[in-house]
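Submitted below is the structure of interest, expressed as structure tokens.
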Amino acid sequence: MSDFTPTEMMTIAAARALSNDDVCFVGIGAPSAACNVARLTHAPDITLIYESGTVGTKPDVLPLSIGDGELCDTALFTVSVPEMFRYWLQGGRITTGFLGGAQIDRFANLNTTVVGPYDHPKVRLPGGGGAPEIASNCGRIFITMALSKRGFVEKLPFITSMGHGEGGDQRERLGMKTKGPTRVITDLCILEPDPETKELTVVSIHPGVTREQIVENCGWAIKFAAHVIETPEPTELELTTLRDINARTKKAHQGDKEAA
Amino acid sequence: MAKIVSLAEAVGDNVRDGDTVAMEGFTHLIPYAAGHEVIRQGRKDLYLVRMTPDILYDQLIGVGAARGMKFSWGGNPGVGSLHRFRDAVENQWPRPLEIEEHSHAAMANAYEAGAANLPFATLRGYIGADLPKVNPNIKSVTCPFTGEVLAAVPAIRPDVTIIHAQRADRKGNVLIEGIVGVQKEAVLAAKRSIVTVEEIVDELNPPSPNSLVLPGWAVTSVAQVPGGAFPSYAHGYYPRSNAFYIGWDEIARDRDSFTAWIKENVLDAKPEDFAKHAGTKPARAA
Amino acid sequence: MAKIVSLAEAVGDNVRDGDTVAMEGFTHLIPYAAGHEVIRQGRKDLYLVRMTPDILYDQLIGVGAARGMKFSWGGNPGVGSLHRFRDAVENQWPRPLEIEEHSHAAMANAYEAGAANLPFATLRGYIGADLPKVNPNIKSVTCPFTGEVLAAVPAIRPDVTIIHAQRADRKGNVLIEGIVGVQKEAVLAAKRSIVTVEEIVDELNPPSPNSLVLPGWAVTSVAQVPGGAFPSYAHGYYPRSNAFYIGWDEIARDRDSFTAWIKENVLDAKPEDFAKHAGTKPARAA
Amino acid sequence: MSDFTPTEMMTIAAARALSNDDVCFVGIGAPSAACNVARLTHAPDITLIYESGTVGTKPDVLPLSIGDGELCDTALFTVSVPEMFRYWLQGGRITTGFLGGAQIDRFANLNTTVVGPYDHPKVRLPGGGGAPEIASNCGRIFITMALSKRGFVEKLPFITSMGHGEGGDQRERLGMKTKGPTRVITDLCILEPDPETKELTVVSIHPGVTREQIVENCGWAIKFAAHVIETPEPTELELTTLRDINARTKKAHQGDKEAA
């Protein structure tokens, strides 16, 4: 299938990295789409958890919020939010957490808090939510974000959640036993931290994308791994599954227009 | 023992100017009708607490009812910014808003510690994050056995907690089902509490012995307000109006359109107006 | 993902000599069949953990399988002493028993801390009591906000936790109903876990979205053992045999009658023998 | 009704002290009987909680253990044991807790742990269970124990749960805001702490009991209050209610004799 959008490629590339054995802490948006595409294609037994407390959920349409009724209706069970953060996230039961943000730096630290100074922000963003502890307590972190100069920046004004900090073994030095961000999936390419320095490095380029496009859309001088592959293009099954769930979702969310 | 009263009485009896108020509900069962009654009764200088201040707190902030807010995620879920919240923080309109910002894990643990009558909560949290640099209420404790250093935050102990639930019986025992969030903890952590419910029934009939029930003697006031969680939802009664959440973005973006909306839908409205939302969709089997 | 196996396999795979083992169940759902299998397989030097070591731990102590025990109440509920436990502590028979004694609140909090992956638990506890004088694992922490001094105990992290539950589905998802005790916490706090169940079903069908479910991926082994909680009980399946508890006093009082009982009812018996108890009483509606 | 046993008088005297507004943390034995007699007579709306997690329970027969199925079957709801001790007991939601023990001293401290030295006990008792935190976290404590020289002792070998410590304002000095033991109900009389010294003092004597009997059965030189009243004898309703529930209980507990 050669007819697909960059966002579709991003979502499908994220979905592929998941397996039946994963227990995923899912965020709203691209992560939710990716996790459910994985569930509906190659990983039917994957466990999806949303921070609202729903465990083992199998939504037919993607939730708009982290606590849509659909998530509870299709869950194996639903726990309180304190229990979710204490027993399941902090308890070390999550294999893979998804994060995104307004801004990311080369060590996969994220900002979703403010642009400008914290006390007098130019733009007040929603804030961290679950991110600080998702970042430290999940076995590994996947990040999905469209590549852009505004989003991929040289220096963050605020670190909402830590990725690899200042790089190298900083996570270990802070006592963390989890891997942190192991993959950043963008609409143009896939980045992985360099094994030594932990700097994000291009390892796979999506079909039809050039190295120049990637360099131009990144706010720092982005590096390419020694061996860069081309991301396999979406299969028909992947694309159909994603488009179907997106269509169902759009219909469901706009179906109650009388409301506002 | 909970008093079963009208919403106006419940708010009048329990919410005072200057109070620390938690209105909880994690996406589900957000007490919109009660929040609107707080606005209608003109309460001011409130210190608002809520993990996810969404549209309801955007409204309270926009009308100038709040002096401050403790929170962990302030956005319109799946849609974008809370424009009234941003206007208050970025431009101090209609008044400055003192904020204390935490992570979800810290807030959830802080409510839990409040319910457990502990002065603080301990968590593996905030590692490498910048919030502790700007929030003096994030400190640390050292494990007396292993020497590990963990994050500590103060317990949340609201003056009053307000929640919405599916139903209560005539003794004020309350059943909450589905995504239960931090509501139980928020009620037990508070000095006083208001629970609005879809219906008051003769027999509570929880589906399981382990269902989440708040006994009437742990609740201050119960008021029946069908549809009272709209545009949020009540599991088993009516779904979330995602369209309202999407539509709010446009309404709240502009100060004038926001103010007009509040006049029409809050100041000139009454709790009974929520009842139409309770009936707009067939109840989903619980 | 939980493996669904025989009880002999479950114990063989998960319980090792010297392990710290928690068999939990607060009066309800005590895993007797699994405990008997541990005795039959001849496990030794176990460090037993349990809030209320009742008859099951009296049996494990009496056969000499335990080197130590952490507990908070060691009696035969409503009946009196645990004679094998007393014989071990008072007379070191059949071997000395190292004990670490806590209050219920401390044990419950310690399991909770274990499930939450914290190294210690904080509680308002032990004020004016003598246990902290004889148990070095009761320390204190100071609130970094208020300066209050609170009790602290280490988290419980068993090598293996064993519980009994009503039912599991074929993926090993487990439903527990009624008096749920500390079983969830004990399983989540442990490295490995065994759950014996009354029945394995195609669909778990929890009665409420908020029912207590342990997902298969958080459990190591599941074994079907109908009646496996006898003389304790399984809510919805069969009642507690209070008569057995009363009768145990006489059996356990004497070393010889105890030893004879163990030979006949444990060493020469098998897990299937519990099935007769599952059927002795009509199931009570859940 | 003049035909009643000392234990019946003790149980009924305890029941009378309870009201509809009480939220009681009930122990097994006499407390359980007393609380349920109160519920079945003058306090139908009393809330009974057992530490097994059952809240608002209305047992038809008394439980043998703290977690009999009857308690859950008749409860308004049932919570986990950690929640019971954290939110409900430590949370300060219990108005009245019941305790008993093998031994008590004049300041209502209790021993249920050991007779003799802790490391080499002469008698190893079951231990404290919930008692240490019941004693400090309930609004007030009632103690039921038969009066005897073995039980009411000059000095405890071990303080399992603190009552008034060494007397006076020691509870306040230790930071406790709860009242501690306000009443000790025995089979011969009722004791209350002296307002100043907190020493247990006889305030009410059961019908037909003499002061000499009380003095002879107490291990310390027991004091009598300035005004001592006679405990009103059990009414017919109280006695019938107690005997009925005891009869139902005996029948239920021995009904499964095939067991052992």
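Note that the chains are named A, B, C and D in the order they appear, and that numbering of residues resets to 1 at the start of each chain.
In this section, contacts are C-beta pairs under 8 Å (C-beta built on N, C-alpha and C of every residue); 3 or more make two chains touch, one makes a residue touch a chain.
Keep in mind it's a predicted model, so treat the numbers as computed, not measured.
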Which chain pair is joined by more contacting C-beta pairs, A-C or C-D?
C-D
Centroid of subunit C to centroid of subunit D, CA atoms only: how many Å?
28
CA centre of subunit A versus CA centre of subunit C: separation in Å?
40
As a quick test, compute the distance in whole Å between the mean CA positions of subunit A and subunit D.
57
I need the residues of subunit A touching at least two other chains; which ones are they?
72-73, 78-79, 86, 90
Of all the residues in subunit C, which ones touch at least 2 other chains?
117-118, 123-124, 148, 178, 180, 184-185, 206, 209-212, 235
What chain pairs are in touch here?
A-B, A-C, B-C, B-D, C-D
Residues of subunit C touching subunit B in the complex:
117-120, 122-124, 137, 139-146, 148, 150, 152, 154, 177-178, 180, 206-212, 235, 286
Considering only the defined contacts, which subunit A positions touch subunit B in the complex?
28-29, 51-54, 63-69, 71-73, 78-82, 84-86, 89-90, 109, 113, 118-119, 121-133, 135-137, 158-162, 165, 170-171, 174-176, 252-260
Residue numbers on subunit A that touch subunit C, as the complex places them
21, 23, 45, 47, 55-56, 72-73, 75-79, 86-87, 90-93
Considering only the defined contacts, which subunit C positions touch subunit D in the complex?
26-28, 51-52, 71-75, 77-79, 81-82, 85-86, 89-90, 101, 103-105, 108-109, 111-112, 123-131, 134, 148, 178-182, 184-185, 212, 231, 233, 235, 239-248, 251, 280-281, 284
Given the complex with subunit A, which residues does subunit C contribute to the contact?
1, 115-118, 171, 173, 184-185, 188, 204, 206, 209-213, 215, 217-218
